[in-house]
Amino acid sequence: MTQVTSNALSESDTSSRWPLSLLLCAALKWLVLAGVLSVISTIQLHTPSFLADCSWLTHGRTQALQETIFIYGWAANVGFAVALWLLGRLGGAPLRGLGLLTAGTVFWNLGVAFGLVCIAMGEATGVPFLQMPAYVHPLLLVAYAAIATPGILAWTGRRQRATFATQWYAVAALFLFPWLYSAAQVMLLGAPVRGIGQAVVAVWFGQNLLSLWLIPIALAAAYYLVPKLTGRTIANYDFAPHGFWALLFFGAWTGTRQLVGGPVPAWIPTMGIVATLIVLFHYVIVALNLRGVLCGDKRDIALRFVSFGLVAYLIGGIFDAIFAFQTFAEVVQFTYFPMAQLKLALVGAYSFLILGAVYYLAPRITGLAWPSSGLIRMHFRLMVLGTLVTVVSLGMAGWTQGHALLDAKLSFAAIAASTRPWLLAATAGEAILLLGSLVLTVHFFLLQAAAGCSTFGSTAPAMEASAS
Amino acid sequence: MKNGLLLFVGIFASLALSWGGLALGSNAQLGGLAPYYDQLENRAFPERAPGIASRGKLVYQDLGCAACHTQEVRRPGYGSDTERKWGDRQSYARDYIHQERVLLGLSRVGPDLTNVGARLKSADDVYKLLYHGTATMPSFTFLFEERPAHAQPSPKAVAMNGDREIVPTPRAEVLAAYLLSLSAPADYPAEKAVNAIAPAKKEGEHK
Amino acid sequence: MSDHPSPKPGSSSSLSDGELLHAHEQAVADKTDDRGSYKLLPLVLLFTFSGLIFFGGTYLNLFSGHFDPRIFDERALPHTVDTSVKMDPVVYGKKLYESLCINCHQPTGLGVPGTFPPLAGSEWINGSEERIVRILENGLKGPITVKGMNFGTVPMPAVGAGGANWSDDKIAAVLTYVRQAFGNTSGPVTEEKVVEIHAKIGAHAEWSPEELLKLP
């Protein structure tokens, strides 16, 4: 127990190889499926008759499905893998409780698959980000407890008392998810609060799922990767705690900005608008801390992913703050614009930051380098192109739609005609993103296959590769 | 930060504060909201939806109609909601007190449905919309079934296909009942008294 | 590092996890070393944060409707508007009349000759307020003369607590209505007056016309 050697540290990678690979495989499978459904759902926006005869693929259901798959399939699984790996690395010891992790992963993914079947069959709850029916959620919570256990053990059993920003963010994400998730479940599905209170709880949950669960995991990865990849410590690191607490304490109040002008007392959206503004302080500190990545070695692929993700995150934060105010919200509320903002946060910020971590950790847990640098470059370019095209065209579609909606004389057919070119572009963007996901998936399976051969062939490469 | 306990308490408190403030706070303010009893009409508003409409709401929910339709009217002067005749007044919290699940919706690919029951006159109108669709809405043909027409076609038939008629399924019927039940009552005096003065103030500022 | 994120420790500059933790712990600890020197960044951040809080606080104060649950328009402020519903007693009274009285006294207020006395032009309706309030509160039984015609075969049931259980404000409203409808032109009956009479008589059986005629 007392022996903290480089051997013990390096072991943490190879021992957790199979459970983490399982999480990543599951995540990638969902990512591709989410991509397919996003394409379908975006096509239905400009061509409503697409697949309309199929009752399990109405736009409402494809929308609910792709959102659920992206969050609970892709983002959750890959987030678990990255958060656990980071906590293990910084805990300085191999991850413990890996059997639980594997069991949890299996049940989480079975639960999500079951939930998706239920949505397709018409059991969706209608609550954004909580579309799976009530009876699926307890299973997911139990599976989550099993998945999070290695992370908590790595945190409590860490070898050094000193902690790093990565650990705060990762631990916060691991603790807050069950708290948030069970509160929302009880207040929305189990014993629903009366009337409009549900809308308040729903936006509180939806926003916090992003700001207090997914984003902290992505930031945990960024805070770890930036010093690792640039070889320098985080700039102005002494302010990092302020950034962390600003996100937690103010970020948790930002969701209700979406209810502006809605049937809730005025203080509720106003509170959200003010919090969205104050949380900019968090963005300032993140920018200050992680600016080193922008002048790092651009040939490193993980660094390129993190750089793009960071820029997307900061731009997203500024856009959220600007478009929270009533004057702008009046135009963009109920349009495609918030969808573009969500896309920017989920794909531009979260996926890019987390993919940087995946590119960094996959060779370390398998003990092999990625087979093809060409595929990596291709994936990065497809992702960048797909994200830019989707976000910009959805944003423009939303802006056009918002202004058209303000003119009471314009019919919905006219609005659809004016947004159609942008929605066609958004479909193309989604298709490019799907292609990128396919490239990554193929590449990851090639890596796993190579690693599988090498494991059964000889153990030498794994030993050699795990030093860092 | 070396103190793990402090970190944990902080993390816990951050969410607890927002939960207490927003989820519990709003519920404390609005959870006890009572219907408005109109002495003249001798009825309480909003009225409870009939049972068939509640079943229709489940169809509305499971098809995901809320992905493209909202159910909230914004106040006159904020957006074009009232100009588009979606309602005479903004929606208030009191309008939702009887709803088991509140589906405000996120997007307006189609019109707001708060008062759609007042715009569509009969179930026939709803069936025609659902069956034929519009430029922005697909046709929900799976909500209809084809069956041989008898000498006297069913009054519910939306279309004929040779000697066969196309009639709504029970799901379409309850969905239509739900949509027709959507109609917000006239203004509530309590909300009107406090909120009505504001638009005039705004116009004064602008001109 | 190249496009391959090599699993091997790349350049000499890369940090091990232990070093990473240590170096950053050091960075925080070092902060206290140069206390004397003037640092711009913390001040700028403090200003930024204070500015955001100040703006946010002002905004919240202006547009929160003072956290009043009735305020939905963020520009409105709670003010002491009497939000209790004051209905026009004539409109309300008409509604009430149509819900009950109309069955016997007819839409015209003319009643049915020989059975139900008329209200239009009736000396009882246009006379003492106290009498008609008592009739509505407790009912009326016995032979009665209205506009020179005899009635009394059917008793008038109580509308107040002993009968239809109307509250005093409803009785006031319906009396106010009939005293200005059907060609009548008498003044309104206030709710206060009904409450006062109600308190004075308490529970009582149906009145007889003789009892009522003794009243002023």
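Lettered A, B and C in written order, each chain numbered from 1.
Going forward, contacts are C-beta pairs under 8 Å (C-beta built on N, C-alpha and C of every residue); 3 or more make two chains touch, one makes a residue touch a chain.
No experiment lies behind these values; they were computed from the predicted model shown.
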{"item": "Chain-level touch network, classified as line, ring, star, complete or other", "value": "complete"}
{"item": "Which of A-C and B-C has more C-beta contact pairs", "value": "A-C"}
{"item": "Central subunit by CA centre of mass proxy", "value": "B"}
{"item": "Chain A and chain B: spacing of chain centres that average the CA atoms, whole Å", "value": "31"}
{"item": "Chain centre separation in whole Å, for chain C relative to chain B (CA means)", "value": "25"}
{"item": "Chain A and chain C, separation of their C-alpha mean positions in angstrom", "value": "47"}
{"item": "Chain B residues counted as touching two or more neighbouring chains", "value": "29-30, 75, 90, 92-93"}
{"item": "Overlap residues in chain A, where contacts from two or more other chains coincide", "value": "162-163, 263-265, 271, 326"}
{"item": "Shared interface positions of chain C, touching two or more other chains", "value": "68-73, 76"}
{"item": "Of chain A, residues touching chain B in the complex", "value": "44-45, 48-50, 52-55, 58-61, 63-64, 122-128, 155-156, 161-163, 168, 171-172, 175-176, 179-180, 183, 187, 192-202, 204, 208, 212, 241, 245, 248-249, 252-253, 255-256, 261-265, 268, 271, 326, 330, 333-336, 338-339, 405-408, 412-413, 415-417"}
{"item": "Interface residues, chain C side, partner chain B - complex", "value": "68-73, 75-76, 78-79, 81-83, 85, 87, 91-92, 95, 99"}
{"item": "Chain A partner contacts - residues on chain B that touch it in the complex", "value": "1-2, 4, 7-8, 10-12, 14-15, 17-19, 21-23, 26-27, 29-31, 33, 61-68, 70, 72, 74-75, 78-80, 83-84, 90-111, 133-142"}
{"item": "Footprint of chain C on chain B - complex, ascending", "value": "29-30, 39-40, 42, 75, 90, 92-93, 189-191, 193-195, 197-199, 201-202"}
{"item": "Residues of chain A defined as touching chain C within the complex", "value": "4, 6, 9, 89-90, 92, 160, 162-165, 224, 227-234, 236-239, 242, 263-267, 269-271, 273-275, 277-278, 280-281, 284-285, 288, 297, 299-302, 326, 359-360, 363-364, 367-370, 373, 376-377, 464-468"}
